[in-house]
């Protein structure tokens, strides 16, 4: 069943009131990294600024931190006469517009209107748009939906785990040409991992996942719906004979991917607007015998561009260029590859939307159809006033969330046992693993 | 009564045939400063060029000066086959198109068509769009309206006054995001003067104008219609006890502001098109005892950016940036403040128009409603074929115009006497003052 | 009969399915110069790249050269999921997409889909858009039309002639504001040659072509339809008394101009899209006594910008600027003049289309009406399924094509004999001249 442009476009808008925009507004989303935002008890980091201007889901917003240290997210344009609050001044408990001095607190209440009579109650009649924020693990998250639908903040172990080293990305990965569903297509695509991120670099890893070549069994692949979104699982050939690589990757709604050993990494690809995306990433490395592992230390000292350390100019894809430009240091990195893979699907004349009707989906594209089916279900749920997948509302469920993503070398039988587990069985198994670690030594969670 | 976007937008277009465009085309408007335009008996100023390309009220025009020294303003595109006359050559009495050599004189007459037979009368059938110009006080003004409605050129004393020092701005203040009515909103807004241009810099001047604090009387404010547009008058607390500051600021139609001591300054904010504005300014300092005052000399030697000396890049607001950028030399200047106040009200997705429906107008915004009422009256007048406010057509009225703007320190009683005068009484009073100066010493006018 | 904007615009679109787009797609068009494209047996030229991205007639395409050395032209976006093949890798017999490794050969066949099962026939169901290429005289030509209408490649002597020196331009002349019919207007315009390229520089050559001044006869001009498009012929006054200059210039369909002595030069102005144009040029200088002529050697050593050596930035017209900028080295060159003549007819607010309804066509604009009449005929022919002018389909006609353009000094009688020849008579005469050269000495063809 080929994709239809009209249906796809309807599904790709992210603004207020659009079908997908309403789904996206039922979740907490990162909007900035903590160290970019000054204020509070002082700027811990040089270069921090207060306020900041951010654009999220097509909305222009101003982010500031008052003297309490708490971040606040307001509509950028003053409710008085529309001047940008980005050029305003942050004071102890408010941000104040330059034009006539209207001041707003973190909840968008108007706390001063100096040009009005002192006894005027006019300011009580105005509510400036504001969104609640949560700051955790070096990221500032916000909830942009209706207040009465605000869910609990999800306690992913990458954000809340203890006894480990946490590496938070710098938020510098911005894709100027990317729509959010093509990012989810990419998450649920084991083939591009093999081909784009492997084979192309000379490593013949595509054969490790393929179709019975070299006497190896055809790689089993399964797709599942999960309590948080979707996953794929593969059991592919390993580097040594008789060894296999069990890989499980999760798409966590609305825009996250969770992968790597121990589900170490969570990445958010947050729509800036209909055609651009900003990435945030947190990796969590549990301590080994109470100390950071060598792998963890190596990760934080690696200067090459990654989700954690990207600093991208608007035209970096053009600068890095095409295949002939092999010498460029970013040319063969995973970010470059994903930027090309996803970021060139759009076409300028279609406002950076792809021309989906020209796609030819094959057996390896099951994830593309699967994610659309799941996403449309969420659109329907939200239309009916229900919560979409993965939203936590009951305080009894407010537990540490271990997405059971993993990557581990096993023999065939052990691998197939893992492969045959349902997402719920895997979740229980991983929860038990983390609990065991807690009991048996330095508490990783 | 909240503003409505649809009505506001209709009022904010400036092109030919639009309601406000037709009002704007009933007045003389500055289109360039004299020293930017070469030609005539030689280029007096290095950097002068001939012709120049200017965009005024949404029209692309070419400005040149022939050997007579007179400026001329024509449509940019040749009436033959549309090639830009900006790349043409200025000759003794014409500008000649590069493509086929058609030549136009200052009145838009076709004076040569070298590719046509010598006896051809074809050129007599073509009239190229041209607009009359007046050059005065270092500015080139043009009238872009219907010839049969052309009024007299208004003899503002800032332009025509004698026995004084005249400082003409360099025309370098260009706002890329500004619609003309939000400039008029800004003129008739005493509060932003106190808050944006005062209080924000640390000077607690807001209390000088407020609501009975510190035992001072509540500042009286009045708005009036005038023979030239509108004005506000305030009598605010002064720096010393018992002293008050009488301030009278005028909006002079269509796009001028007149303020400061002795109505010293006149500024034109001329719409380039629907979303950008170019400023021109002339200040006139009467001689004191036949010589320039210290204030006048200080003004012409002040190197800081002002309306007179602005040179703005397209992205200067971004460069100067927000509140955290206190160290920038332009950060606390009045131009920066007005650029933020007015220039960020628009939204890119609305073609730089504000989202007026999200404004919340309060008691301090009387000027916003007042200017709209007055402007709509002018739209109606022009629709009925009448002249709008301030247009002078009768030669008997072709006198020096003293707009009675002022800023003066007085005691309460003297201030209230000034305050209670009508615009007409103030006009008579100021005319008498200028006449007295003429009689009693060095003639200032 | 004035031009109408609506009709003109319809005629100026170049995309697939538009009236003129379909005409343009019946001819071979140059799309790149050979030395810009690497690949094959190695990159002969530093700076050559493989693949290249090109935009032709509004289509985004990728051009590559596989190990055979043959160029190939494919749609830029992968038929699988739309990723740009510009970032793919050229292999021995294909270009391979970075995302999932789909590989396409020169004919657009899918030759590998590594993520599909080895026995899958899925790839046989997909045909990627591709266009046939011919590489000749340092240019890569492509045919973008329906395969069943593909004509023979025309054997212009500038491309295929032997015993001569061939100078191929660098393809660097790109006009950002130019629609293709205003280029054809320009070809068939003897007057602008006199005025824009002559008189403006101070040479009073306009009188050599005019209306009986100086006792000279009025210059005769004729326009003709030809087997390849259209031509004009003039017999204008020469530099010496009694000597005349016979000039014959051809518009060769769809977008070529052929002019200069011996029809030496052929230039293609290929629409990039509706509002920009890229030029390609080949000049052919027959050997004189078996050696390059002094004129030929001088041409290839001339460093000044020309069609052959243009390297243009997007804003070069702005940089070179207007008439006052006499000192600029490009200011008085023919490219600059044509760029102004043609490139400023468009208006930004009209997507760079001219406002044709404001044109005033005179007797000297016969070419403008003539080219429209001819072009509309081709639109009709193509609508009826016939070949447009100049298309060669019969192998019996696959001969060297000598467009009889020329520029030669003659006396009046000889000139008028030439002038009175029909295009067919001129073609026969020129064919005989080239054959004679072949027989009488070093074979020029």
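We call the chains A, B and C, going by the order they appear; numbering starts again at 1 in every chain.
The rule is short, and it goes like this: a residue touches a chain if its C-beta (ideal position, glycine included) is under 8 Å from a C-beta of that chain, and two chains touch if they have at least 3 such contacts.
These numbers come from a predicted model, not from an experiment.
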As a multiple of 5 degrees, what angle does the CA superposition of subunit B onto its copy subunit C give?
120
Looking at subunit A with subunit C, do both copies bring the same residues to the contact (over half shared) or different ones?
different
Just the number, please: Cα centre separation of subunit A and subunit C in whole Å.
50
Could you check subunit C for residues that touch two or more other chains and list them?
none
Provide the residue numbers of subunit B that touch subunit C in the complex, in ascending order.
38, 49-51, 53, 60, 77, 79-84, 86-90, 98-101, 113-118, 120, 122, 125-126
Hey, which residues of subunit A end up touching subunit C in the complex?
185, 191-192, 194-196, 199-200, 206, 210-213, 218, 322-324, 337, 340-342, 344-347, 354-356, 358-365, 368
